[in-house]
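Shared between the two complexes below is chain A, which pairs with chain B and chain C, respectively.
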Partner chain A sequence: MINLASRDVLHGWGKFLFTGIGLGLLIGATLTMAGVFRGMVDDGQVLIDNSGADLWVVQQGTLGPYAEPSSLRDDVWRGIAGIAGVAETGNAAYLTIQMAHNGKDTRVMIVGIEVDRPNRPGAPPYLIAGRPILQGHYEAIADERAGLKLGERVKIRRHDYTVVGLTRRMVSSSGDPMIFVPLKDAQEIQFLKDNDALVNERARTAANPVFNRPGVPGLLEAAQASATQARSVNTVLVRLTPGADPATVANEIQRWKRLTAYTKAQMEDILIAKLIATSAKQIGMFLVILAIVTAAIVAFIIYTMTLAKVREIAVLKLIGAKNRIIAGMILQQALALGVIGFLVGRIAAGLWGPAFPKYVLLLPQDAIGGFAIVLTICGLASSVAIRAALAIDPAEAIGG
Partner chain B sequence: MDRVNVPAIKLTGLKKRYGTGDAAVDALKGVDMTIWPGEVVGLVGPSGSGKSTLLKCLGAVIEPSAGRMELAGDVIYDDGWKIPDLRALRRDRIGFVFQAPYLIPFLDVTDNVALLPMLAGQDNASARKRALELLTALDVQHRADAQVSQLSGGEQQRVAIARSLANHAPIILADEPTAPLDSERALTVVRILNDLAHEYRTAIIVVTHDEKIIPTFKRIYHIRDGKTHEEAGEGRVI
Partner chain C sequence: MSLPHKRTLVLGGIALVFLVTFGWIVATQGPLAPVKVTLDSAKETRLERTLFGVATVEARRSHSIGPTLAGRVARVLVDQGEAVKAGQLLAEMEPVDLDARLAAGTASAAAAAQRVQSADAALAEADSRAKLAKNSADRYADLRKKNFVSQEAADAKAHEAAAALAARQSATAALSAAKEDVRRAQSDVIGASKNRDNLRLVSPVDGIVTARLAEPGSTVVAGQAVVQVIDPASLWLRVRIDQGRSQGLAVGLPAEITLRSRPGEKLAGRVERVDWVGDAVTEERIANVVFDSAPTDIAIGELAEVTLRLPAIEKALAIPAAALQRQSNQSGVWQARDGQARFRPITAGTISADGFVEIRQGLAAGDTVIVHSGKALADGTRIKPVDALK
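This part shows the complex of A and B:
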């Protein structure tokens, strides 16, 4: 038996192909939206994985350091390091800023890490160029998406930093590229007041009789020095000894140190289930709407294509073609349209995805799932046209 | 049953009513008709006389309201359909030729003809072989691989006739097959139908208004107000 669907498609292949391309661009937009969502999840995941930590110790009762502000004294690690199961600790400070670079503002996350030895928790796990930070001040490692080059000097707040290393896929949960700097610098960037504020603060402290008491030498100087010291961090990242149970160690820290400690699973829940939940719902709604629009467009296209063949279908029915042959022709065309649309959409998403400012992650399983959904939509959408075709009266082939 | 002496078509008191109550219209008011194998019969009448309704009833496209209809001795309607699969009946036993050829535009000439035997279950090779035989008989074999849109009106009509014969149908219903053609081509089509009727013992009913071809029929059924009467035609040789 001749394949009527393929013959019809080949007869008007240009029209069919352009229709498929148009549909494909819509499917491409849908796949890209799914890729944006996956990118957000992946950003959160790499943030957790690349920190190299098993536990995040944060200010009591907060969801820090990524979802909420958290402030700890930078010496609490000493107490944590003594708890059974803790192999290593690392203070870390996080701050998202707008950095001026090459005449335009770039949003970056400044990460303060301890640089006294390599591979402290919080440090970038690998570099694609350059070396780790070796100086205690004014060196930086940047994610390649920040647009910085090795050896380049970049101004962050008050100071210039030299980019000594480049890394990849080190981003915040919002997808902002990270710039790693020594912890002391990050504390200064985050917590230290500007010069005018410091002068003002000193004057206020000096005017305060409690700090400027006669007969207590050195009190005012101590108070002034304290105001200019930044001694806080956002989290203490903890790496556990092999075999240590994260939940048990987290409980110990919470019990004895009056801090909150999150395991990796809990941090994933905070970042992925809580922090991006609203965005995920937003994208999910958009995906549902796009799927409905795609279904409506496919249904309309197939319906229009079918109505354009009323006479041919009437003739086919008159000369004895069974309903399944006619339904099969329409269904196959709808599926062919879906296949073309999906291929075009996947290619389009792959081409324009990297141009998006945020990470777009197109997963093979999403592509397979999307393909199945597209075929299902096309199959369901063709049912409208099939109903119309089966309702065509073969008498329409005969005049009168 | 001896099929040789059995009418190809026999209608007895065939009626068709559209609508009900006051809005009812009797399109056919008891048509009697007998057509023998190998005959080409004209069905002539003014617009609205019931020609198309009769053709649709004969083609098992619409259901008559009453009466009896036999095809080659088989009762297919007797106050109700007697055959469950009307599509198979149309496919295997009735050929259709329309005013316009109504070929399938996305199939080439051969496949337009071969489609019918394929629908009946023949394999592609034998269906195409049959199609080429018919195209040769109708002298359009040189356009076998052409697309429908590349054919002239006369060639398209010949292909449509070939299609109607593809399943060895004993009956062909031709609805104004010469309407779009000039005199010469119209007479050619009628000659082809006569030759086919003679060669394949096919009974052919030609619905027509065409004054050019009416004199070629040996028997003519006139239809007016839903009733037919038969008269002898000139049977002019083309």
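This part shows the complex of A and C:
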């Protein structure tokens, strides 16, 4: 027995194909939206994974260092390193700045890491070009998204830095590319004021009679020197010895060091559940609407396709075709449309995904789920068309 | 039948293109695609080692010249930037009553000298009296022997002579006391003029005035600097080097100095001194580097980058430093085996300035390692070697 659906499609295949492609682009937009959502979550996840830490020690009572500002003295690591279960500690400083590069501003996250040995906590776990930072000052590793090239000199605040390495997917939770610099430089970038502010501050201190008393030479100089020190970091990243329980060590630090320590699970909760929650919900809401619109359009297309075939269906009925055959034809056409739409959509999403300024992550399980949903929608939409088809009067074939 | 046949071909072609594109996208993007990596092999090479530090230009010898007693500045004769000679008067403090005290001392010295003269005259008189009394007593003693005068008269003359002698001794003592008084008064004058000289602030060296810290009329306490003088020939750099990367720091290491004012230029120097006491707060060691030939127009306080060259390791098995990775507290490298990544623990040694790390243990010459990767690797990750990732 010949397949009625394919015969009908072949009859007007150009129209069918273009309808499928149009539908596909819509499905592609939906898949991309899901990818944008996954990309946002992944940005938070890679930030946690790339730091290579098991614990984050931050200022007491803050959700730092990513979700809230946190400031610690840079020698608290000495106390933490002595706690049982701690294998290695690393000071780290994070700050987001606007970096002028090639005449335009790029938003980047500066990450200060310790560079006295390779692979300290906080350092990028892999490079796509170049080498790790080896000098104690003025070298940088940049994410490829920052648009910097190997060997390029880039000015950040007071100093020029040489780009010695490039990374991929090293981004802040809001997707800004990271630039890794030695910790002491990052402290200077973060805490040392600009020249005008320094001069004003000095004048202010000099005008303060407490600091500028007659008969106490050197007091003013001492007060001014102490004001320009940069001795803080944002977090101490802790690596644990194999087998150590993160929660126990975190408790120990909170109890005796009067600091707050977060485990990996808690940090994920802070970043993904708290920091990007609103924007993720925003995207999720939009995704739901897009899915509904897609379903509605699929239903309309199949319905109008069926209505366009009123005469043919009437003829089929007239020659005694069973309802099952007519329903099957419409369902098969709807599913075929769904398959073409899905393929086109996945291809389109895969092609335009990398062009997005922020990361778009297309997961296989999202694609499979999307495929199932598309077929379900097509099936449901065809049922409306099938009802309409079954209601067609065979007399239409010969009537006007 | 030719039309449907052709149509089937076209449609089949379109379907094929679709499926191939779909397959290509799935296979090259997303989590199913193999991770692209670059490879390199361990080889024997020369390792250049360097230490890097940030430095400030400082004067080795800086002289803060100020008064030893609190006082008011009377005049300052030099200004910042002036060249001065050793012994040159730079500033002077207000003498207050010192001049008056000097005048009083001089006057009292003169008075003392006068008193010496008067004592001298008194001595001469006493001397003459004593001589007269002695002669008279001698005469009376002679006359007494011949019984021309009474014993009483002779005794009285003898007593007169003894008294006159005592009076002469007293006059002698008064003279030497007057002379001592002169010396005391003279010493007072010398002391006062020394104090007066101490108010003159003179340069101890040939040098340049770097700061004029007090103006005439201002009061300074003892020890507070009025003028600062440095010896320009003694300019050197104070270099701070991170403790973690300071191994091998020693006197005599050759240095490359880049001053902030001339970024492209490399000046030669060497380590002159290494401080035994490091900075415990900043976790840095401190060394002093001198220029082989100092540029003329550098400023104190200028920032400089100093690269110290350690003796090179002539031959060592090395891999690019980017290949050195870490897995659960173990250093090692990723290797490609049957298209999959496998971790191999190694012991790493020195890291060279150009980014090569010495292998102490774990790899043999010619072993291939993964240097760069497009994603974080795990044991068993499928990989695809490429020439460069970017």
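Going forward, the second predicted complex is superposed on the first by the 390 of 400 C-alpha atoms of A that agree within 3 Å, B and C clash if a C-alpha of one lies under 4 Å from a C-alpha of the other, contacts with A are read in each partner's own complex, and residues count from 1 in each chain.
One rule holds in what follows: contacts are C-beta pairs under 8 Å (C-beta built on N, C-alpha and C of every residue); 3 or more make two chains touch, one makes a residue touch a chain.
Since the structure is predicted, the reported quantities are computational estimates derived from the model, not experimental observations.
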| item | value |
| --- | --- |
| Clash-or-fit label for the pair chain B, chain C on chain A | fit |
| Partner touching more residues of chain A, whether chain B or chain C | C |
| Partner chain in contact with A:R117 - chain B first, chain C second, else both or neither | second |
| Contacts of A:I289 with chain B and chain C, given as first, second, both or neither | neither |
| Touched partner set for A:G320, first chain B, second chain C, both or neither | first |
| Superposed arrangement, angle subtended at the Cα centre of chain A by chain B and chain C, nearest 10 degrees | 170 |
| Chain B versus chain C as contact partner of A:I398, first or second or both or neither | first |
| Which of chain B and chain C A:D8 touches, first, second, both or neither | first |
| Chain B versus chain C as contact partner of A:I128, first or second or both or neither | second |
| Nearest Cα pair across chain B and chain C, whole Å | 6 |
| Where chain A meets both chain C and chain B, residue numbers | 10 |
| Chain B - residues contacting chain A, complex | 51-53, 55-56, 59, 61-62, 87-88, 90-92, 96, 98-99, 102, 104-107, 111, 114-116, 118-120, 124, 147, 163, 175-176 |
| Interfacial residue positions of chain A with respect to chain B in the complex | 1-2, 4, 7-8, 10-12, 311-312, 315-322, 325, 393-395, 397-400 |
| Chain A to chain C touching residues, read off their complex | 10, 13, 17, 49-50, 52, 75, 87-88, 114-119, 125-132, 134-138, 144, 160, 164-166, 168-169, 184, 214-215, 217, 231, 239, 241-242, 340, 343-344, 346-347, 350-351, 353-354, 361-364 |
| For the chain C and chain A complex, residues of the former touching the latter | 4, 7, 11, 14, 18-19, 21-22, 25-26, 29-32, 52-54, 219-221, 224, 241-245, 263, 281-282, 305, 320-322, 324-326, 328-329, 331, 348, 351, 353, 355, 357, 371-377, 388-390 |
